[in-house]
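In the two complexes below, chain A is the common chain; its partner is chain B in one and chain C in the other.
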Partner chain A sequence: MQNISYRQAFFIGVFPIIAVSAPFTLSGYKVDLLTNLLINIMLVSSFRLITTTGGWSLAHIPMMGCGAYASALFTGALGVPFLISLPLSGLTAGLIGALIGYPLARTKGFAFFVASFAAGEAIRLSWMRFKVPFGGHSGLMVPIPDLFESVSWLDFSTAVPYYFLTLLVTLICLAVLYRLDRSRIGNTLKAIESHEDLTRSVGINRTKYKVIAFSVGSFFAGIAGVVLAHRLWAIEPHQFGFTTTLYLLVWVVFGGSHTFSGPIYGVVSLTLLAEVLRPLAEWVPMIFGAIIILTLIFLPDGLESLPGKIRPYLWKGKERREPPPPAEETRPGPMAAPESSER
Partner chain B sequence: MEFIGQTILNGLMTSSFYALIAVGLTLVFGVMHIVNFAHGEFYMIGAYTVWVLYAKMHWPFFLAVLAALIIVGLLGFLSEHLIFRHAKGNVLSGFIMAVGLVFVLQTAVVKIWGVGKMKPVPAAYPQLLDFGGISTSWQRFIVIPVTILLLGALWFFLDRFRLGRALRASALNPEAAALQGISVKKSASTALLIGSALAGAAGALMAPIMSVHPYMGHAVIWTAFVVIIVGGAGNIKGTVLASLLFGFLTTIITTLLDSTIANLVNVLVMLVVLAIRPQGLTGHAEH
Partner chain C sequence: MLELHALTKAFGQNTAVMSLDLRLREGQIMGLIGPNGSGKTTVFNLVSGFLTPTRGRIYFQGRDITGLPPHKIARLGLARTFQLTAVFREFTVLENVILCCHLHSGTNLWQQFLRDRKTRRKEKSVEYKAMGLLEWMGLKELAFDRAGDLPHGHVAGLGIANALAAEPRLILLDEPVGGMNPTETEETMERIRRVRDNGISVFLVEHDMRAVLSTCDEVTCINFGNKIAEGPPRAVCEHPEVIEAYLGGEVEECYL
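Here is the complex of A and B:
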């Protein structure tokens, strides 16, 4: 066995203590904030899966909405229990993701942005236009999850039990996404973006893998949507609008998307920042906008690249001259300028 | 017969409006490869300029429109110098910078003028215009001649002026243009100046017709994207043709059904075009 790194020590030792004790020491509002943070962590991690294939989808929040709407219809109109509705709604979102993912996988760059944006917006327009299943502008009511009806003290309409439910779902999703990232499929997906010619020449079906990434990402976004909907008790098309998509992009770009943990750093740090700046809440969009522009100009690979950048300065005075550890991933970042466009 | 005439007139007005917005966007994309999401916010600021100068300070309407054109043009020029230049032609980072700019501009407008209150802009030319049964107001009609004038001026600039030809060369092939001694950076800032100015003019002309609020850019940018995808991004002639197509399509479907269905149909048309001809209707395939 190797020595355990600080990061592993954190995840084994410190994180569970914080995650379990936090809800008992914080107020109800703060616990809901943590629940929201967990949902957003699921969202950015599933989004990262799609970005590894080079597609920065603008339809991700509407896909999350698909999960939320599906669960509202399953549990509300059809009376399906929450535990069955959760994976079923995720599958619904994944299926819709596969359907729109196919034409999207054929486009790239500019066309991909616009097409994914338009596809997401079309889904949202359908929710607004078709009142019969989707409730139009006013949306749908979502029932409170009834996991263990016999256990009366476990009331999922209160903040703390729902926090633990969200924690459980989030950990499962992150574990699956992490395994997927390290698996053969995950490596293939990364190769599609970073070694386009190579994947072509060894006969990888690029479209197929792109659709898989889009569909699996949509599945987990749908799960996040289900968890969100059952905490809010009501959903409307406006919640899944473009402003939310913009925040998603800001989180992922700020954190960086090369490593699995990058987007999570992004969403956690920016959520903390927004919380600190709550007296200035009206200014927060402008501050986020400025942060994102400055990040792209001065730190184009996001927060995750910061340790690697400041490490040389920290070790400068010491004699020890170790060769730098091999970089975790050497693919050029999506933010790195293509060589051909040098001016 | 009157119905057809009315539809043609309405279609022409909608098309002119689309063309005014989309040509600026496609010009910026062609030269800089930036998906300028803040284009809708430039349009919004154009409308606010008219609200401040014309509705509150009682300047003559056309002077206010001219001021909006210049102010928003300069804003675009500034944003190229401060922000978009650093994207270095990368589509993704340019797009996300534009997203950041959207946040900044929207918040600025909300903080300065507030979000809730309506910003009524009285019509400058409320007189009715009547072509033998087919009627509209002068205020709505005016967008057609102004669009023809502005796009004509743009064509003249791109075709006859040294700077305009340099701009086209930079869009076609930046390296070759740079080898000819053309400053690609200068072309880029000129493109953003002109593109934003067109958006500002569109917002200014629409201010008395649409409701002026900080989020008005969103509905417009999304139509503009559909138009330039179908026209072929960076292709001005194709964009104008696509504006005509979608202007009439939207008008007809809105008249017969409703505007949400019209938006859905627009998206479907765009997705079909993307699936069959990803380079747009008039474009030719790139590598």
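Here is the complex of A and C:
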């Protein structure tokens, strides 16, 4: 109980202060770094939705690319305004996710890995192959979003306004994903991972749920892709390659995927680490590799499992200090209260 | 209630189930026995839709269900449990049953996501229903324990509660008392009899002869995919082919 209230306190009190004040205290480059971090948070959270059904999709980054390409085409070629293009491109990614999710839902384990990788690469290669409309290897230009043309200080080509736009989109995405995770749907998805045959035998259409998870995950990956594309002003197939997928996997493995916040811890801590290690930039992939190996050996459930592992030691210390309560006396009131409030 | 007509399943060269005919009457506990590897679980997998038969048909309540996927068969009122009493180990006992109320939650995906007041009320009523089911199974005290931490006997009870949550007309129990001590076995068999007394037909696969004898209304024995005997439990037990199939070992227990 205490743990949750600390967390609530953080989200209500501390987080808004940091999130709002950070862009005004940091330099332009660092604000862009934060924007990027927010995009990656959307990416890992949407990825986690897919992992709750038990499959680690290797097509997630290409799905993000689908959103980015869709928005580049909608806003660039068709002149659709950004605010309409954002959900529309997300839906495009979600639709493509549903199309490839249907065959993928019938595969399991290693087959799912390979099939999702193949599907993702097929999408990526088609961007390289077709110069029209995807621009081939050189990719596409993405227009700068102009939401309020009359408001001159709200220029989305600069870092700080764009950061706030990203923050808003991220918060909405996280709220929806969190709600989904906590609802009956989220539990059903986790039950499918826990015992697939049992879910089927009580009447749950596991294919339908897996396709929904894949599709909704792809939708939010697509949204992340749109926000990324409109900050970079240009996209190319190479950005959505396997290296990026590997980073995504590293973040999620490091953070853990059993809780909603696990992957977010992963991406935040590793992004901070990469920033600290900036002078050693060439070594960062190697350091990440070492971190993953060490995580898998010593903390297989990721960063999220760390508090649970430390807590017993802390509790032990506390219990020793307290004298054992007398057994024969039954004291009502405050002593009995914590136990009953647990349920 | 359930009828199998010349049901056959072949895995490559091996015929796991060979032209099996079987009829289960409503309100009965039917036992399927046979030595290891005789094809009992295959029959269950065929009936519940996890496998498609090579030949033959399966009728449930007069309806042909051959080749339907498991979730559709469950929707028609046929639920099953699994060997080693599989449950959702990471969830609590209550959450297990709530999840298995999937078919009768009365809410669609949008409502589950938006959770308006009406949906929350429905979710609450599903929770009450699940709690009632647990009370009926004698698991109410354990409702908030993690299912993976339960002792074996209670896991079996939870497995049955999970299947009942789908509100079936017929439940298939795959070795409900496998690996249990005599007390746990007796408790579980008592639960199964109570399920039958509530009007739900039971079809069970079991090794424990004593449990089968004390509970089943009718027994079918198969070996190498062939039916070798059927009828009241005691008659099947004394059937010479059955005794031969079990090499006398377990059948002797019948007379204890």
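Everything that follows uses one rule, which is that the second predicted complex is superposed on the first by the 315 of 343 C-alpha atoms of A that agree within 3 Å, B and C clash if a C-alpha of one lies under 4 Å from a C-alpha of the other, contacts with A are read in each partner's own complex, and residues count from 1 in each chain.
The rule we apply is simple: contacts are C-beta pairs under 8 Å (C-beta built on N, C-alpha and C of every residue); 3 or more make two chains touch, one makes a residue touch a chain.
None of the values given here were measured: they were computed from a predicted structure.
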What's your read, chain B or chain C touching more residues of chain A? B
Mind working out whether A:206 is in touch with chain B, chain C, both or neither, as first, second, both or neither? second
Determine, under the contact definition given at the top, whether A:131 touches first (chain B), second (chain C), both, or neither. neither
Looking at the overlay, what does A:311 touch: chain B (first), chain C (second), both, or neither? neither
Is A:184 contacted by the first partner chain B, the second partner chain C, both or neither? second
Quick check on the superposed pair: does A:198 touch chain B, chain C, both, or neither? Answer first, second, both or neither. second
Which superposed partner A:300 touches (first chain B, second chain C, both, neither): first
Overlap of the chain B and chain C interfaces on chain A comprises residues 343
Interface with chain A, chain B side, in the complex: residues 29, 33, 35, 83, 86-93, 95-97, 99-104, 106-108, 110-111, 174, 178, 184-185, 218, 222, 225-226, 229, 233, 260-261, 263-264, 267-268, 270-271, 274-275, 278
Seen from chain C, its contact residues with chain A in the complex are 48, 50, 69-71, 74-75, 79-82, 86-91, 95, 98-100, 102-103, 105, 107, 109, 112-113, 115, 123, 144, 162-163, 165-166
Quick one: in the complex, what on chain A touches chain C? 179-180, 183-185, 187-188, 190-191, 194-195, 197-206, 212, 343
Going by the contact rule set out above, which residues of chain A touch chain B in the complex? 56, 103, 106-107, 109-111, 113-115, 117-119, 121-122, 125-126, 128-129, 242, 246, 249-250, 253, 282-283, 285-286, 288-293, 296-297, 300, 334-338, 341-343
